[in-house]
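Two complexes are shown next, each including chain A; its partner changes from chain B in the first to chain C in the second.
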Partner chain A sequence: MCIKTLDNSCPLCDAIDTLAARSMGDQRRAACERMHELGWPSRSDDAFRYCPLKEAANTNWFPAPVADADASLLESLDVAGTGSRLVFVNGRFDKTASSPLPEHTRLLAPMLGDMELDRAADFTDDPFAQLATALVEDGVVIEVPDGRSVADPIHIVHLTSTDADPIASTLRIAIRIGKDARACVLETWAGEGPALLTPMTEVELAEGAHCDHARLVEHGEGVLHMGAIASRQAAASTFESVVLTVGGQTIRTLAHASLDGEGAHAALRGFGIGDGDRHINSRLRVSHMAPNCTSREIFKHLLPDQSSAAFTARIFVNHGAHGTDAVQTSRNLLLSPDAKSWSRPELEIYADDVKCTHGTTTGEIDPAALFYLRARGVPEPTARALLAWAFAAEVVNEVPIASLRAHLARRILAQLPGAESLDEGVVSL
Partner chain B sequence: MSLLEIKNLHASVEGIEILKGVNLTIEPGQVHSIMGPNGSGKSTLSRVIAGEETYEVTEGSVSLNGKDLLDMDPEARAREGIFLAFQYPVEIPGVSTKYFLRTAVNSIRAHRGLDELDAYGFLKLVKEKAAWVELDPALLDRPVNDGFSGGEKKRAEVFQMAMLEPTMCILDESDSGLDIDALRVVANGVNQQRSPERGFLVITHYQRLLEYIVPDVVHVLLDGQIVRSGGKELALELEAKGYSWIEQEVAAGA
Partner chain C sequence: MPHDPNTTLDQWADQSDYKWGFVTDIDADTLPPGLDEDVIHIISARKGEPEWLLEWRLGAFAKWKEMAEPAWAHWPDRDWRPIDYQAISYFSAPKRDEDRPKSLDEVDPKLLETYEKLGIPLEERAALAGVAVDAVFDSVSVATTFRDTLAEAGVIFCSFSEAVQEHPDLVRKYLGKVVSRTDNFFAALNAAVFTDGSFVYIPKGVRCPMELSTYFRINQMNTGQFERTLIVADEGAYVSYLEGCTAPQRDENQLHAAVVELVALDDAEIKYSTIQNWYPGDENGVGGIYNFVTKRGLCAGHRSHISWTQVETGSAMTWKYPSCILKGDDSIGEFYSVALTNNHQQADTGTKMIHVGKRTRSNVVSKGISAGKGHNTYRGFVKILPGSDDSRNYTQCDSMLMGAECGAHTFPVIEVENRTAQVEHEASTTKIGEDQIFYCNQRGISSEDAVSMIVNGFCREVFAELPMEFAVEAKALLAVSLEDSVG
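What follows is the complex of A and B.
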């Protein structure tokens, strides 16, 4: 990605120029300019201290070509059960591969001048969020009217497709749920690299609204997934979000949950399994702006090989946000001596009468539990795999869609060292 | 051939010697009890037999039916027939008790040349054995020992023992923390499993458990050595007089 210079020969900048000439000119140009100002992140940039992006800095990214959905890949991603499925390839809607649009859902068409972007998001310091705005071609808006409930999950699938060139693409998802309304949205990100993706999901919840949200990241090799999730919540609304990482090279999730109305609840969860030198990076901010809001952040990583995970999370409690109840947890299980994890909890509190707790643990498999299982005749590799699976199961079991839970379990067991000695019965818990 | 034979066993942890030459022979069908004050090495002995790697065996031998155990992994010892009922069974959130137990049972059955139990056969066995220790089978839908009360944990250990059908059962303070009714239930579960082939090593602080599980031989372990062995009346004597008289006698003899 050409972020360092304003060299107009950069194919990505050319593409942004072309898009800007057709739609959202000012917005795209402003985002592109800001992106150049910020530059490609380095380790000295605090927000990217743990993120291995150096190699990618010298990559020349090309705009993603128009491509068809890979049918067999798509088939392997049938994770939403009975719900509808909207398929995007390289940032563009694939009508043939998609089911009919479900109720309360429409395509966001920035190319047609539908430009309701960045209503919930405020990621002005993130170059990848800027790229998401500059490069957007298609998106989805899920707008559930007051009092309505969408029973089936709405499944959004994004596939990357490239012959050899490193490609960049993005997709915008806007979820707007009315008063006392409810919906469940599932995103799946898959496909091979080399690719740079900047997924952006914006969530706005009216009073008493409820949104279940899951983002499943199961890219192939060489994919940089630099995603963001922004949410704004009115009083007594609930946002339950989980990011599940079972693929990709570098997976960054930038999340900002803003609890704007009294009694709102946000749960941000994450689970990731490493593989090779995969890096999973979560940078979260929960803002308690109103009284009596609750937030829960639970991130767990299972790290074999040379994989690594970084968790940086800030709880911000505004003046007057009394009765705040915030919990932040990060747990890492290192399955190899070369695996690494970093945890950085941050609290910024301007109110009295608040309860904010954070905890972080990093360790190996508990030797007492391992001995217990082995002393009952369970072979060591099986016992290790069983304990590692148990670590994952705590998050997997919380996933709101049964078919996704089963899919996820298969993906995790496929990557877990020693898991070939476990059978599917292990998932039943 | 003896069932369990321990000869001159020395073991240390972090360079500190805990067992200082233990000799013990258990014949098939026998119940032996080991008593002794805190820190005398009772739990260490049980863990060394089961194969916990934090203990280093520096001298001596342990064999089961003539096979050297010390070269085996803990899982291999379990397959040969060793079972240790833990004093503090570890809680393992996320691991289903049934799944774990089915894996364990089938691993041991495979070693004995038996077919794997299918789901139906396994559940039938669970129901039968759970009744022995009055264990609510619903507990087995929970993760291993997770949220179990102290008494439930001890009963679950004896239940697992019944499921795995070991030849040499070691109970490490299976009576600690139990009230008299729970103690009777646990002891009853153990007594159901007594057979002419099976041996028991019952480690306890108190004579009380031995009223229910009546031993053939009682040993006193003191500072890493068995200093006295006798019949079940030795346990009564210890209950009445404590350990200090033996300590004094040992000191005088030395």
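What follows is the complex of A and C.
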């Protein structure tokens, strides 16, 4: 990102200017200006207190070039049971690698300027969300009409591809589900860095609508993934979202869920596994604006090596949002002496008839549990892997699509030290 | 430079080597409102402080001028009345008897009614209401009796000014070592202008024979807005210290910025209990005190133990985070808090537990009760440093809401940098159910008593930590503070 004020020689600013001449001129320019106002975040900025962004701050980011999808990489990302696969490389649609567009699904590129973006949440204080708006070139728009449901999960795959230059790109996914309609969307983010990625998914659910959503982060090294998920729900709608992180350098998820109609339900889940000095950062806000809504947040991290996780979440209960039932949980398992974890589970409550609880725990593998397994003849590395897997399973088992659960389990087990000794049956899904 | 406290400013200016060109024709006992270096010179000189302490104050002041008033606090639904630091008089000698109410007949009957409900003895009521103390009972004799007992044990318990004169080495060794003079905006202000406070030193191996209380120091009660307390427990010592009292105190100041520092050496234990009931403002949120206090304890020695217990019911706005730095191995930090807000009160309180030493433990229990349009915020910080092996923290913060217009907020921060740590945080929010009240009503218990009973049950874990007499008063205090909030 350009942090040198409004320096004309910044390649990213030039790219935004060029894009602004084509579409969304005012919106792009305003976002770009706001981004400069906010500047590149530092640790003194409370929202980025735990985010290691210093190195990236001194990087000169270039607009991502047009590139082709890496076929072997694509194959490895395949999830069985998905109805269609839409592939994007560096923020642009790759038609040859993609299946035909499924029902109720369109590409964003031809609609830029005609479609109102950033409706689901207000991210004006986040520079990366601003970049997502300023730099948007394409994306997926899923609009399911009232009473319809999309049978198969829609799989959206985004790859980053660069030769050497650090690149910046973004992709917009807009999901709008009508009354009593239903859809399931799966996002996969992969590819090598150095890259700065600002994915933005916005979800709007009408009365009684249901959306299952999973974001799978499988990046290679050097990828700074500064994503956001915004959701806005009418009465009796359900949003089930899960973010799984098994790759990348710094992965930030900014999620705002607004429960605007009575009886809406939102579940935000997250599971991340560290590797090297990977940092996983989740910043969530669930706003209970209407009575009798329920929300569940559960985020778990397995942290080996020098990896770290930060969890900042706030449950906001508005005046009059009676009957709110909200639960917020963060659990961290530190697997190495150098791993770190930071948690800030926050409640802001303005109504008295509510049930809000939050809990956070951090620790290492319970020695008593380890002893129990070893006493029964399970070798220590296997016992450790088994306990770590059990820790992960609580989130993985909640993922709505069976084939995705198996896919995730394989990804996690591949990264778990000692997991190769686990019997297939142990992790049956 | 020893000074007779009765010297007037002019006399003092004449006889001292005061060179800062301060010229004044004011009343000898009170400085005009305003804050600059001259004021600090005068406070320091008036108290006959050594040069190092003056320098220390000036250093704090220089830093304070560069600092900005904190703006991070969460204050929904309430107008911030800006504090005019230049409108405060930073030095005033204790009120002379002729300015005080002559007898209880001149005291606000509402205040007396509250004393009645709290069951405060007659003599004490007068003292608390600000009636000239000597007219009521002989404070000197009370003071002398307890001083003799303490002296026998070797315990030093005196006003801060006395300590500066009589135990300068101890004061110099520990002052500002836990809360540095530039720690935060209000601590820096306090360091620059504090006028008095308490000093306690418990020598090696001594178990303080009685509970120490600021209340005993009734003759020095008017220590003003900028109080400073320093308690040092030497190796193996034990002390229990009580601050404040349940009765609402007469006070016209807007800002209270006290600093409390505790130091516990090897095997020492300090138990610090507070009941705060400053003027909360009226039902419409007009007036009331800003209580911005910095309290911190240093478990400097191995196996040391610091325990904070507080019952906060007063003040329009409270920002208070009694903290523990667990530096010694196997040291223990505890925080037990009940904060109650009614009408337009706001309490933002919590604790910081910094685990430095190995096998350190901390326990946090916070109970927030919001009624009326009150807001209660728990703000906590638990940090386990990389070298702090096998440390544990358990935090529990529960909120109770009474009414549809109040708020309860929880903002904890948990930073774990050592895998052998076990850190747990739990929070819950509840309300008093109509069914609960109905159940009590059916059994002949009035709604008011039922609320009091339920609230007391909610706070039981904290009250259990208070010294007995304090606990009894605290229960009565909660009942009084919650009057008319239900039904």
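Simple rule for what comes next: the second predicted complex is superposed on the first by the 418 of 429 C-alpha atoms of A that agree within 3 Å, B and C clash if a C-alpha of one lies under 4 Å from a C-alpha of the other, contacts with A are read in each partner's own complex, and residues count from 1 in each chain.
Note that in this section a residue touches a chain if its C-beta (ideal position, glycine included) is under 8 Å from a C-beta of that chain, and two chains touch if they have at least 3 such contacts.
These numbers come from a predicted model, not from an experiment.
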| item | value |
| --- | --- |
| Touching partner for A:Cys356 - first (chain B), second (chain C), both, neither | second |
| Partner chain(s) touched by A:Leu335 [first = chain B, second = chain C, both, neither] | second |
| Touched partner set for A:Ser76, first chain B, second chain C, both or neither | neither |
| First, second, both or neither for A:Gly320, with chain B first and chain C second | second |
| First, second, both or neither for A:Arg344, with chain B first and chain C second | second |
| Touched partner set for A:Ser23, first chain B, second chain C, both or neither | neither |
| Set of chain A residues, in rising order, touched by both chain B and chain C | none |
| Residues of chain A defined as touching chain C within the complex | 319-320, 332, 334-337, 339-364 |
| Touching residues (chain side chain A, partner chain B) in the complex | 366-369, 371-380, 382-383, 386-387, 389-394, 425-426, 428-429 |
| Complex contact set, residues of chain C against chain A | 74, 76, 386, 399, 401-431 |
| Residue ranges of chain B touching chain A (in the complex, touch as defined) | 50-54, 73-75, 77-79, 82-84, 86, 89-90, 92-96, 99-105, 107-108, 111, 143-144, 160, 164 |
